[in-house]
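Going by the order they are written in, the chains are A, B, C and D; count residues from 1 in each one.
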Amino acid sequence: MNLETEFLGVKFSNPLVVASGILGVTGASLKFVVANGAGGVTSKSIWLKEHKGHKNPVMIANEHYMLNAVGLPDAGIEKAQLEMGKYMENKPAPMIASITAGTIDDFGEIAERISELNPDIIEVNSSCPNVESELGKPFACVAGDVAKVTKIVRARTKIPITVKLSPNVENLVEIAKAVVDAGADGLTLINTVGPGMAIDLDMRRPILANKVGGVSGPAIKPIAVKCVYDVHRALPNIPIIGTGGITTGEDALEIIMAGATLVGVGTAVYYRDVECFRLIAEEMSRWCDANGVKNLAEIRGVAVVR
Amino acid sequence: MNLETEFLGVKFSNPLVVASGILGVTGASLKFVVANGAGGVTSKSIWLKEHKGHKNPVMIANEHYMLNAVGLPDAGIEKAQLEMGKYMENKPAPMIASITAGTIDDFGEIAERISELNPDIIEVNSSCPNVESELGKPFACVAGDVAKVTKIVRARTKIPITVKLSPNVENLVEIAKAVVDAGADGLTLINTVGPGMAIDLDMRRPILANKVGGVSGPAIKPIAVKCVYDVHRALPNIPIIGTGGITTGEDALEIIMAGATLVGVGTAVYYRDVECFRLIAEEMSRWCDANGVKNLAEIRGVAVVR
Amino acid sequence: MRDLSSLPKAFPKALPIKKIIQETDNVKTFVFEYDLGAEPGQFVNMWLPGVDEKPMSVAYCDENEFWVSIFAVGPFSSAMHELKEGDKVGVRGPYGRGFTWKKGEHLVMMAGGYGAAPLYYLTRKAVEDGCTVEFVIGARSKSHVLYTERIEALKNVFLHVATSDGSLGVKGYNTLILEQLIKDAGRGKSFREHCGDDTCEREEVDFASLNRVYACGPELMMKSVAEMCLAGGIESEVSVERYMKCGFGVCGQCSVDGSGKRMCSEGPCMSGADALKIEEFGKYHRDAQGKVHEF
Amino acid sequence: MRDLSSLPKAFPKALPIKKIIQETDNVKTFVFEYDLGAEPGQFVNMWLPGVDEKPMSVAYCDENEFWVSIFAVGPFSSAMHELKEGDKVGVRGPYGRGFTWKKGEHLVMMAGGYGAAPLYYLTRKAVEDGCTVEFVIGARSKSHVLYTERIEALKNVFLHVATSDGSLGVKGYNTLILEQLIKDAGRGKSFREHCGDDTCEREEVDFASLNRVYACGPELMMKSVAEMCLAGGIESEVSVERYMKCGFGVCGQCSVDGSGKRMCSEGPCMSGADALKIEEFGKYHRDAQGKVHEF
């Protein structure tokens, strides 16, 4: 089956995009992901100025989940312009540039600067649980704040915007509506869950240097599906990048049936290595062929009971 | 090793208590759990009046998690008095009576009524995500509300109270403090995460009759550990029933190192059948013996970095 | 940790109905092409989205297909009866403990209602193992008698019928036939004389002994069977059905008073002696809210 | 889904240090009793709670124990040097692609800094497979030369040393020795004459050919080796170390420019020819924030 998907006017050869923060440090790395079957890429979250991440260990994983507290390390926009520039020349698939900041003004500034590079889409990451202590509550957890962030980004760029939301809120749909009212073209659901913690019994200490880390991988798929379902039900015309625990073609189809247009794939790289993109795409095609589905639009949001 | 544990003045032969809602419909069932090694039991959540749960399917599970939307079915306090009565005669282990209600007044009423049965501890369940639509936001998600619930329960009973909190909040520690200020003797952390959803691709429909269900099992352990850690760090003198994804002896020790005194075990019954209680206790003893730990108090909260 | 591959299957699998067979006015058999791997006496949970999910005993199972026979009595079972071939049903399982038997034994099946269906599967397996089977069906009337043709087609299986109105076989409860069988076990006798059933084609009864009696149907019938067997010194097994939610031992909905055992896990099949130890057996059962109802 | 048992181990396991060996002023070897199952060239992540977690090459490994040799250069490696026997270190892995060799080959090891440690493990394995090894160590001075006794104790292994200050072996880079080895391969020669190293005890060189050269150490040395081998038509393998976070291919921290390959997964070991195709090889590397630093 043809998996071609249009999202905010941009054509993707398949709906699988690597999620922000996974294999996204360099332009070359993102090209490597496309060579392994991704239909598009998301850069790691880019800051205006250099930003130190957390010390190692920043990631632990088992058969159920990954915990990460990378802490959004970044060398700042100048360096990002170099890296992304390398991706943008002979761009093999659309680029979603993820941006983040510690203040609302900085969000505006970084949005404008990143736009000079002409990414296809800008993803506003206001929801990373690992930078909470610096920023207070993540912006994404307060409807008013994330709307303000969206508004300023909207004002400073002409490029389509998707806003990435946290599932760790009590009123996701309300926040989604506020963000769309503030000018978001699409939404990315979800960032990591929790955060969580793992303690090493022998060391008697939390393992992550940051103690806690966002939960991703198979464990969070039901939460991601539920978030996409709820938001798609409330805002059927807003396209969604459904992200969270997608590891197989069946998982990808499930989140599409909940309402996603693109599908973000992150931690699956741990479970199936970088070839997961090709494998997931193949599994999707196979299921669709076996079930008489001719294009993904046919099944998008089909599970939503109104 | 001797796993005896005291919690709110009640002696448990081991710290493992069956979590509310698992094998807790009848007194006989709870005795069956004790016969399989549990140190204590928690009843299912008891309502003042008969309360219908959700239709089937109410539970689905895979290697990572269970989703449940049982919906707190109950025949009401009169019937509960019969069932619990059966447990209380020749009581094989301490009884924690879980109570719930749809209004703050009903919480007071059910607390008083249940006290006539003399359970060892009352657990206030104000945090079930599956009854949200009836109650609006669960009480447990609003610090003021759950404090009010606690206060009225406190006023109507002399029995020690533990309040069960939801992890699906942005300010757990704040809520925990409010609840303790309102008179809670202990805390039960956590109820299910999410909720989440699973869609059947062939049926193109959410599987649970309630569409969404709380996430439990291995997937949520890091979130439970993190919640216990945070609350124990903030309130070191408040004993905690640590619950969420505990499936092995190592898991139980991990949540004790995060600060738990008792350990709630629910979904492990799916992963290891009802003998999980005996198996987990054995694994705990074995680890403690191998690591020179003489009693659990030695390692309680030891991972907490202040 | 349980070996993950041995975890109870707890996600439904949507299966198209391959064939629907009208058994009686109220009973239909549904055939699914799927290697379920169920033992006689085990059950599956069947799910109709938007309707409900209910436990159903497996009426037959091999590597290619399995059957369930459903009595239309309420919302779910009636919804099942409205389905057409090709429609999909969600199935999970198999769950529960099945029946046990030994090679070459002489068995009696005591079927009431849809109980004939699971006992048919048991009979097929037992006959493969060299057993001889007396298959005793009890029903309100002739039009409610199930599975007779299939049973009669089996070698070493002998059908006996009792109906309340006498419209087929012996008039009265099927326990009358069991009483006779127990009494006559070991003594040569003309079968018609023995069972009093005109439809009976068998010439002689000459069983050395009855090894085991199985009962599946109304609980009061099963209780009588268990008591008769206990008194007669014959092993028996019954299938104790209780309101079920999960089917795999977590919710506690199906726990019985006394031992607290879970009918979805330690049951539904068990010895009659064990069933008689269950306080509530033949007396009462619980509904979805856990409220007690008398039989 | 990857077979779960083949998932990279991504939780640390706390292991007590069984033995600490002071190799030089700045290098210690840590021995752990654990069946790690690492191939030569693979690495582990070592975790000190409250300090950091860093990748470390495996210097030896069998079913009973494994070693790592650590050069004290900064916060983590210095903290490791402060540990005592019995102290616990968190270990996860093994990670990455190791070196490859064939039975009976004639190999050269080009070691710089702690690179002698992983190449020692490779040498032991290769010798077990009937290989002959020229082990060439380069160091600043005599006091920085590692592992010589262990190497000299191996059969069919010949040690060569070069130091910048000439305090041991040849004066200059160890690539001088490689140059000579390549030039002289196949021609009978007195070894001392050949390598110009007084400490050399070997009488004659008479290798049919050099099959493969391995380099582990400063990247500029490895680059020279790879280029020399490419020019000389000899296979080579190098270990390309980049700043690593996860170690198992998820974070992208260790991706190199050009192919974008991950040095923790497609590397660290690879052919010299492949390494030379990496844009940044021998030129620059990235830090924890992804910022570029020249070598």
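Some observations on this one:
Note that contacts are C-beta pairs under 8 Å (C-beta built on N, C-alpha and C of every residue); 3 or more make two chains touch, one makes a residue touch a chain.
Remember, predicted model here, so these are calculated numbers, not experimental data.
Between subunit C and subunit D, the least number of touching-chain steps is 3. Separating the centre of subunit B from that of subunit C, both taken as means of CA atoms, is a distance of 38 Å. Put simply, the C-alpha centre of subunit B and that of subunit D have 52 angstrom between them.
Multi-chain contact residues of subunit D (touching two or more other chains) are listed as 4. Among the residues of subunit A, those in touch with two or more other chains are 63, 198, 201-202, 205. In terms of which chains touch, the assembly is arranged as an unbranched chain of neighbours. Interchain contacts (touch definition given at top) occur between A-B, A-D, B-C. Chain contact summary for the complex, subunit C toward subunit B: residues 1-2, 4, 7-8, 10-14, 45, 47, 49-50, 52-54, 88, 90, 245-246, 248-253, 255-262, 265, 279, 286, 288-292.
Listing the residues of subunit B that touch subunit A in their complex gives 63-65, 67, 137, 141, 168-170, 193-199, 201-202, 204-206, 211-212, 215, 218-223, 225-226, 229, 250, 253-254, 257-258, 287, 291, 299, 302-303, 305.
Residues of subunit B that touch subunit C in their complex: 21-26, 28-33, 35, 44, 50-53, 55-63, 66, 70, 73-75, 79, 83, 86, 198, 200-203, 205, 207, 209, 247-248, 267, 269-274.
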